[in-house]
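Next come two complexes built around chain A: one with chain B, the other with chain C.
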Partner chain A sequence: MKDMNKENLWNKMKKSKYFELVGLICLIIVFSGIVQARSGNFLTVHNLGNILKEIVVYGILACALAFPLINGTFDLSISSTSALGGTVCALMVTDGLYGVKTNLAGAVVGAVVFCAVIGAMNGIVVAKTKIDPFIVTLGTQTAVRGLVYIVSKNTAVTNLPNEFKALSKSEVLGISISVWILVIVFLLMAVILGKTSYGRKIYAIGGNYQAAYLSGINVSAVRFSTYVISGGLSAIAGILSTARVGSATPNAGTGYETIAISACAIGGVALSGGKGLTIGVFLGALLMGMITNGMNLMYIGSNWQYVVRGVLMILAVFYSQWFSRISARETKEKK
Partner chain B sequence: MKRKMISMLLAGLLCVSSLAGCSSGKDSDSKDKKDDSSDKKTIAIVPWDMAMSFEAEFEQVAREAIEAKGWEAVTMDPAGDWAKEYTIIENLVTQGVDGIIYTAIDTEGANDAVALANEAGIPIVDFDCLASQGGADASVQYDDTKGGELAAEECMKALDGKEDAQIIIFEDEPSIASSGLRVNGFISYLEANYPGVEVVKNRTSDRTSNGCYAWASDMITAYPDADAFFLYWNESTMATYNALQDAGKTEVVVVGYDATQEQQKVMQDVGPDCKLAASPGMSAKKMAEKCVEYMVQILDGSYKRAGADDIYKFTPELLTAENAADFDINAE
Partner chain C sequence: MNEHILEMKNISKRYGGIYALKNANLSLKAGEVLCLCGENGAGKSTLMKILAGAETPSEGDIYMKGEKVSITKPTDSFQLGISMVHQELIQIEEMTVAENIYVGRYQTKCGLIDKKALRSKTKALMEQLGIYFEPDSLIKQYSVAHRQLIEIVKALSHDASIIIFDEPTAALTLEETNTLYKIVRKLKEKGIAVILISHRMEDIYAVGDRVVVLRDGENSGEGLVAETTVEDIVKMMVGRKMTQQFPEKTNKIGETVFEVKNVSNRNISNVSFTLRKGEVLGIAGLVGAGRTELLRAIFGVDGCSGEMYLNGRRIENESPIAALKKGFAFLPEDRKDQGLIQHQSILQNTILSVLKKISHFSFINRKKENDITDYYIDELRIRSFGRNMQVQRLSGGNQQKVVLAKCLAPEPDILLLDEPTRGVDVGAKAEIYKIINTLATKGLSIIVVSSEMTELLGISDRLIVMHEGHVSGELGMEEASEETIMKLAISHGTA
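Presenting the complex of A and B:
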């Protein structure tokens, strides 16, 4: 009887949509062990706090990317949009953005709205035309980066007020405010994707666009909305990045889209759409942050970090595909 | 069971294979964890970007000086990205290195990074581009204002004192303090001595050699009567010189900065009439040795910074087309 209960529990676990993440969790544990053994400081409370602060930007950008990705499209402009968000917010609380100067709350709202509009422009083009989203957002990425340089007049925005920097430096219950924001973003994403009909529509469209359309879902509107969300979240990532490093530089976030793609891919988000879990995106972003942090602690430079990230992304996608094939075969055998 | 085993094996394989390439070896970017012996210290070097010749030479000299003391040197390259540099310094503080020698990619943002090191009691020495509030335990730089003045003087010599000359300057970046000092030094010299000279300031966001080449090509097209260019770092100097030569603008004078071997060779090959007329420079060797000397003194307690204005300043070494044959930037 006990064996039957254990068997049922094990079968339930195997059938669970979270089982695929076991490999990623094992990887995180093994990596942590290796780095801790070599550096001695990896698993300290202080360093874990650093890791969480470091993945704030990666994690929120990964969330920004996950919405269009699960929906079956793509958004390469998240890194430039995040730089724009950080720069616009920083300007609005310092020298003013073309005469518009406001307090921090107003600047944050303004920056998020500004970047959501960028996302909306992406969304309109992708939803209404047949242009490949990769190309659309590649173009936007370049154009928005240019906007950042124009708006910032090619210089870093510095002398940020303390309340701005406090978004990263201040703590509530011993945890940085930026980390709390990260947690809230992930929780909201989990609720939206997992518990709402809107979230189900996102998956449905990503899984099978035609079927979703024929079932009556307003696919254009949903697709458009994912880009608006992506733009808004990118702005939040940019603002928090600016708060962390104390200035908004025009080249901020360069290359971060690849980290976000890696985090999503490693976390099990299907690049073809229709599949992906919020917890997977979080674990993927966590691994990306751990790689940077762990290798810095081991005095291994950024060149090797690129190599490791790239290799891990390829292997993670291979693992995910292999896992899906094994699962499908076992399900077929049982039938 | 089978999937569980394979999952775990694959995870282990992923980890081991990913780290295998970087878990050993003494390449310039990695070092083993420091010895627990209290005499053996670990000093971190964080240059601007190891792809830049000055920074690479600085790193090499600093590393050799540190290792000559029986200490360990670790080099972490932020590749010109301020956010990366901040993260690197934060992680170095967590790892508890014994000292940090760095240059501030963002002189304002660097104040926070310096504060992290100060809080942890880790000596931090900045060079060339300094944290604006002067919070580092020691600062070493070349007198960039003087360098700009020397460049302007040589430029006007090369132009035979042409009173109505038009000079294109690569505009300074506010977040790079040394750029502003060099450009302002150049302009102030002109204003004081040649008030009739027209100065045109412009820049490109692409600061790579390719970007600067394109910038120079565009500038000489927009200002075909320009008499001279002033650039405040090596890559832009060489890119501009090459762009002008390739465009057939062989009479336009170029005054650059950094006095690198590459620039010296061009001047030697062409001779005293070379249009790459002059280049104040910094000796990476002297600067690196001074930084390490300060680090040693801070660690043994024999040096304490007197205040934010207590900055060790070298006078720039001046390379010109006339002295190129004998010029040695590291000469005492």
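Presenting the complex of A and C:
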């Protein structure tokens, strides 16, 4: 009875839903320590700002993926959709998309809506048929990539106006606009998933869609909506990628879906659905960025970066499972 | 002292500081049917998992035919001749009967699987038990009962001398249960020892030789079945005398609130009945009689033709969402697949059907959701470490109470309960009966589907019996007995 309080604190920590992230945080700290010791300028404000800038695109793509993933489905089409978003937006402010020309704000809205419609089509097929979402979105990934080439007529869209590039280059309060957008997206996602009834429905369906359906949750509608969100967010990622590079290339974002999957998996999103925290996805994306940045600082080539990234991903998932087992232990039912 | 083929001595199993088993002992003779009883969480499964090699004991020794053995993994257990027929059958659905029985041990000819030998060996084994399944048919087309029998054949193929059954009759119909009893007796004749984990007294008295009871991980008593009464067993299980399993009925029955007329779909035909306020209406019948399908049709899960009237007004439940809005709630028979989100918390499960009610502009009111959950944890006496505990860590009875909490949270008028006490221990069963009575007393109208006739007889105000999708009869409680129910359930009678 004496150390009741101490034990309670430990137990409370263990039972906290954030406990699983301890492993990931440890990995980030250890990795930062190593890079800092070897290069000396890893943990500077300037460099951390760089890392955040680097993770903007796949950070937002990870969010785009997290919605269907937590919902128990999948979306492989995010990379192509983001390329489409970037291209559409770039065209609308330069040569025009089949004659449609607007200012930047209009183009952004147009691109987001366009991609949300693509997401909606994914959503309809997934919600209304029994085709595996993996297959459905693998199909749209290819089809949408084709659309990008068609829309862009096989050429990169260049000569972007400066205000477009400013999305990445100019800063507000010393932080790049694109990073602000990243932060806003993550905050919104945290609120939606953590605080709203809609978020609860996403988790419930991902956890057990039959139970959710019998509890009066509109499974099809929620499934559909997660794809619309996914499409919209992919567009934002694509626009920011275009702004950063300074042009919209038709093969932009190729392979980014794997990075987004990695970030989600590292962050503790269960690929089987029903589980995953926004902060986890953020930390997952952050670790991916830190690896690239840190290894560049240590002059380690990109080939080895792939190796390290792969190994660390498996390690991170291992740790998160390990910690979730610890939190499960000893909290068996009292009798 | 070598007449025992198996002795488990002073077995303890700790998880952290908590004992799941504490100096548990168990011995078994050849050709004996030993019934292992105890409430959920008493340690029966843990003890059997240790024997099957799925768990290793923290302390204690296992002897087989007097020799000390070490079982650290499932293959050790197989090699010692111990097989387990699990409650949730682990079979490969897309493979045939014969392939499942010999999975991983195929006899080969020129490097290829010798299908002929496989088939004939399977047939020979089935002959020993007096059953037959086409060896080449896919396993997925068989019912749970048949799959269980196939699992027994598999145990025989391992030359098992000990077969463990984990609640084998929980999902079986009466007829299937009798078949299983017959098989168990055959195994016994062959000198195979059987350990039977079961909540059902019927099982114990039908086939058991000896009964061993565990409570809180310790042996709380044992005896020969012939010399032990049900009261004795219940007393050993719960540590107190359960004078009455069913509560005294206190509900008052009012006007008709719900009426079903000629409801039909693929599985049910022309079902009609009425339900009154504060009434508990039991639906009896064999598995496959269409009872679950009827509840699903009422709740709008499956479509149906026919008419439904709520308080005299015609209604249409086109989906569970619509049904919930009209004041219906449904507790499905399979809490693991349909009732609960296993890895989420008691709270997240409890508030599933009231998300709208507890949120303001879509934002969830934390206090409201906590209050609702705590209210039901308290009201239904859900034993847990608090509302944030994952439901998969609760015992069966407490899990069922969480499903019940989820159903009750929207404050329904009509409660549809499908097998509300399946896989629940005796103590929790009595509590659920009490809850049902309390709810009816509060004015809820309740339909209970159950395969346990004693249960239906104990809690219902009126019974309807179904047979092959029809209502084959309606019984008032004064005329209802196991015999009258059975007659209607088997034959297509008219009331």
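Rule of thumb we're sticking to: the second predicted complex is superposed on the first by the 321 of 335 C-alpha atoms of A that agree within 3 Å, B and C clash if a C-alpha of one lies under 4 Å from a C-alpha of the other, contacts with A are read in each partner's own complex, and residues count from 1 in each chain.
Going forward, a residue touches a chain if its C-beta (ideal position, glycine included) is under 8 Å from a C-beta of that chain, and two chains touch if they have at least 3 such contacts.
Quantities reported herein were computed from a predicted structural model and do not represent experimental measurements.
Superposition model on chain A: chain B and chain C are shown accommodated side by side without a clash. In the superposition on chain A, contact is made by A:Asn303 with chain B only, not with chain C. Within the superposed three-chain model, A:Tyr198 lies in touch with chain C and out of touch with chain B [touch as defined at top].
Looking at the superposition, the partner that touches the larger set of chain A residues, chain B or chain C, turns out to be B.
In the superposition on chain A, no contact is made by A:Lys130 with either chain B or chain C.
In the superposition on chain A, A:Gly207 contacts chain C only, with no contact to chain B. Of all Cα pairs spanning chain B and chain C in the superposition, the closest are 11 Å apart. Touched by chain B in one complex and by chain C in the other are residues 330 of chain A. Contact residues of chain C toward chain A in the complex are 15-18, 20, 41, 216, 299, 301, 320-321, 323-325, 330, 332, 337-344, 348-349, 351-353, 355-356, 358-359, 362-364, 383-385, 388-390, 393-395, 398, 406, 410. The part of chain A that touches chain B in the complex is made up of residues 10, 14, 19, 22-24, 26-27, 30-31, 34, 38-41, 44, 46-47, 50, 54, 149, 154-156, 158-159, 165, 241, 244-247, 249-254, 292-293, 295-304, 307-308, 311-312, 315-316, 319, 323, 326, 330. Against chain C, the residues of chain A that register as touching in their complex are 15, 195-198, 200-201, 203-204, 207-208, 210-218, 274-275, 328-335.
On the chain B side of its complex with chain A, the touching residues are 1, 3-4, 7-8, 10-12, 14-15, 17-19, 21-22, 29-33, 44, 74-79, 81-84, 86-88, 90-92, 94-96, 106, 108-109, 111-112, 173-175, 203, 205.
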